[in-house]
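Sharing a structure below in structure tokens format, with a few things to ask.
Labels run A, B and C following the written order; every chain starts at residue 1.
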Amino acid sequence: MAGAGRFEGFDRRWLFLVVWILVMVPLVRPLMLPLVVTPPAQAYHDAIEAIPDGSNVLLSADYDPGALPELVPMTKTTLRRLFSKRCKVVVTCLWNGGPGVVDQAVRSVAEGEFHLTDGEDFAHLGYKAGNESVMVLMGQGFANAFPNDYRGRPTAAMPIMQRVRDYGSIAMLVSISAGYPGTKEWVQQVQARFHVRMVSGCTAVSAPEYYPYLRSGQLLGLLGGMAGAAEYERVTGLTGPATRGMDAQSLAHVFVAVCIIAGNVLQWTRRRAAAGGARGQP
Amino acid sequence: MRRGVAAAGPHGLCAARVAPEVTLPQGGTGSARNSRPWVVVAALGLCAAPLRAQPASSPPPGPASDLQAVDTPNDAGRSIRIAWKLSPDDLPGAEAIRAYYLERSESPSGPWTVVDSASAGATQKDDASVRRGRDYFYRVVAAGPGGSAASGAVGPAAARAEWFNTTRQSVLAFLVAFFLFVLYFIMSAQAGKQLFVRRIPGIDAIEEAIGRATEMGRPVLYIPGIQDIDDIQTIAGLVILESVARLTARYETPVLVPVTYPIPFAVAEEMVKAGYLHAGRPEQYDPTSVRFVSPEQFAYVAAVTGIMTRDRPAAHIFLGSFYAESLLLAETGFATGAIQVAGTANVHQLPFFVVACDYTLIGEELYAASAYLSREPKLLGSLKGADLMKVAVIAVVLAGCLLESLGRHGLKLWMQTQ
Amino acid sequence: MKREVPLLVTAVIGIFMILSFFVPHQAVSVPADFLLQCAVIVVAFGYVLGGANALRINIDLISKKAPNWQYKVVLLIGLLTMVVVGAVEGRAFQTPGTRFTWLYNQLYVPMQSTMFALLAFFIASAAFRAFRIRTAEAGFLAVAALLVMIGRVPIGNWATGWVQQLPPWLHWVQLPNVEEWIMNVPQNAAKRAILMGAALGVMATGLRVILGIERSYLSGEE
């Protein structure tokens, strides 16, 4: 094993520098590469468009600031579509570090763009400890599991909570998640039990884990990471931060691919040189 | 309010068409009592547009028919299921119906209260605001731009609690089979039958890693995942910690266990203590070896990578539930030159561990580790029981594929749960 | 007794919670809901235990001037600042404009994002250093990884855009389509197999805990 920061005589900080340049340059000067919408993202869009206008929707934003660049853009785009359809949206968060980021995202769209009223058109119920237990408890009533909203106001008195009581009164569950608890737990604890129509947006790394649920029809659509968010922006006709970030992600992916190939070529040439050297020995 | 008679209901009541200039029914009980009816309707409705009087440009829609109200099956008596046939005017693209409003009363003659609503095209809705055991009557009001029409009333119906959720028969069958397999193998193991367990190199490597840390005079770092005790992977990681602590006690090598959540922290302390006790060296136990760090994922990563670079443990063992931190930890660990053993059932993190660690336990190998290490008959029995269950699952998957291909859906329907 | 009582509690509650999955009647569902609420409360109290341990260990190390004790001071300042500021702000500590929110937005959010962003750098170095093609299987894995990585991003679509000029039956060779097939078919099949195995492992471990077969997690003392 090599010393800190070095391997095979190569200082890995050079790699870090290249990654930094490849990410920064397209953010400053976008390459405007063409984006194609994949079937899971199209299905996510179709599922949201299929719910009747004015329906009740539960959006569980289970992430924290670490996943902000990947998940906030898709949260905002989803909220824009839902509010355009005059849906009443109840937002929850099962990650203790997340409600602050989620609150800003929800308010920037609901109040900043659509001028909606908190408690009537949307509600952010904030964080509740307990992971899956909270999901199960919400089956007995959302106000039961969240007696107060994010800002400490009683939820039972809110007009929106008169119509959004439990899973029976929602037309769709949108799970935007960065890990545990998240989409997998919502599928297992809520979708499987209450047969709620459900879509998911998640970090790119966790997307493969949810493909089985997509194939089984338990998830009607899936947005994987920033690429999924950008595809959703494209299909809804909006250009947001995810679309702008895709060029940077493209170059970073290509660089990782180059690293894999370069690492192998380097090893192969060394092995050949070593074998040649060994043959040359008397 | 003016109502016109449309059809006779099952109790001699009448379905009604409401003229366009009128609003929906009078208030009844509960929360709707003090509200103006259309406010209640708007508050409950799926339509954003409140159902107020519309200019008389189109006639009122026809009512929904064949109303049925029954106790919702397989629940705790919390709801009544109302089903109906669509209004004849509820046609795709016609937009003659905006929504169906569900009205409830405790008497067949009313007064009626709007309790819920369903979008156009819906033929069923559960009323989840009932009291268990109380009789209710229902009617459905079809509402559109031209006005609204009430169906005949139906009832009485009462919500009752069930003692068994029949849709979960398949789960129960699998659970019972699993229990029986495990009990059988436990009994045969206790009767002296030798149970074969294949070699798991990742678990064998743990001792090698600890031995190497001992040779180098440096500590062992053990991470039981980053989840709370309600994740079974954390329990698996903590159970293996006891065996690891036993080895470190025997080799007189310090072990460092930073933990994310308070309850696993308390358990981890017990495990390390137990390991030292069982190794016959309780006096060597260091109370600062197990540390509560933070449930915050990246705060924890910062703390652990700090330990890796400052204390430079020679062996890193990651066994439990891991997420995005897996590569951050494993790459930092590699850079420090430590030997690394990892194991998780979080499939999406396995590639990172496979790439960056020397040995990796994949999926269920993590759960097999405690049985593999202890060789206790009861634990081995449960391992073999799980293996046999896997064979049963494979058989059911194959049977399901075959039956579905033949157009037989019985097995699939039996496996569906609610 | 010190071990038997917890084992009995675990077994009774575990079996009762399994029962609640099959029995919807209020005689079972209401106590089961109550137990779920209790679990949330017990977890909340656990944080007091954790906080006390963090204080005890770090104050101890600072007072002994252990190596790198300065980092412990930073940790304690961070811990106490957030707790004190949150307590002083009162019930509305999360509303915009409070000092707690300022700390959250200006310190917590960028630090979290920075740590997560490090992954981009670490993935590059791990790819260069460790992704070695030594066998045919590793070769297949590498090819699949490259196709998925490039197919997931716009550059993959751009680089294989010429495929659209070919007859329609050849359009599947465009990278996003290849990537989607890999994710949907081989990836999905392998993932399901591992998930099923892991789920059985979870059941087996759960059963061992409930039946008291796996008891080492309780305590070493008899």
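Throughout what follows, a residue touches a chain if its C-beta (ideal position, glycine included) is under 8 Å from a C-beta of that chain, and two chains touch if they have at least 3 such contacts.
Being a predicted model, the structure only gives us computed values, none of them experimental.
Colleague: In terms of C-beta pairs in contact, which of A-C and A-B ranks higher?
Modeller: Contact tally favours A-C.
Colleague: Report the chain whose mean Cα position is at the greatest distance from that of subunit B.
Modeller: The most remote chain is A.
Colleague: Averaged over CA atoms, how far is the centre of subunit A from the centre of subunit C? Could you give it in whole Å?
Modeller: Between these chains, centre-to-centre, one finds 14 Å.
Colleague: What is the distance, in whole Å, between the centres of subunit A and subunit B, each centre taken as the mean of its C-alpha atoms?
Modeller: 19
Colleague: Mark out which residues of subunit A touch at least two other chains, giving numbers and ranges.
Modeller: Those would be 12, 64, 66, 97, 208-209.
Colleague: Please list all residues of subunit B that touch 2 or more other chains.
Modeller: 228, 230, 296, 298, 324, 334, 347
Colleague: Return the residues of subunit C touching two or more other chains; collapse runs of consecutive numbers into ranges.
Modeller: 39, 43, 112, 115-116, 123, 125, 127, 129-131, 191, 195
Colleague: Inside the complex, what are the residues of subunit A that reach subunit B?
Modeller: Touching subunit B: residues 1-5, 12, 52-56, 64, 66, 86, 96-97, 131-132, 159, 162-163, 165-166, 168-169, 171, 178-180, 192-195, 203, 205-206, 208-209 of subunit A.
Colleague: Quick check: in the complex, which residue numbers of subunit C touch subunit B?
Modeller: Going through subunit C, the ones touching subunit B are 18, 21-27, 29, 39, 42-43, 46-51, 53-54, 57, 60-61, 67-68, 71, 111-112, 115-116, 118-119, 122-123, 125-127, 129-131, 191, 194-198, 200-209, 213-214, 216-221.
Colleague: Please name which positions on subunit B make contact with subunit A in the complex.
Modeller: By the definition above, subunit B touches subunit A via 31, 43-49, 79, 116, 119-120, 126, 128-129, 227-228, 230-231, 295-298, 309, 321, 323-324, 334-338, 346-349, 417-418.
Colleague: Which part of subunit B faces subunit C closely enough to touch in the complex?
Modeller: Counting only subunit B, the residues touching subunit C are 74-77, 132, 161-165, 168, 171-172, 175, 178-179, 182, 186, 228, 230, 232, 235-236, 238-239, 242, 261-263, 265-267, 270-271, 273-275, 277-278, 288, 291-293, 296, 298-299, 301-302, 306, 310, 324, 327-328, 330-331, 334, 345, 347, 350, 352, 355-356, 362-364, 366-368, 370, 378-379, 382-383, 385-386, 389-390, 393.
Colleague: Under the definition above, what is the set of subunit C residues touching subunit A in their complex?
Modeller: It comes out as residues 33, 36-37, 39-40, 43-44, 91-92, 94-95, 101, 104-105, 108-110, 112-113, 115-116, 120-121, 123-125, 127-133, 142, 145-146, 149-150, 152-158, 161, 176, 180, 183-184, 187-188, 191-192, 195.
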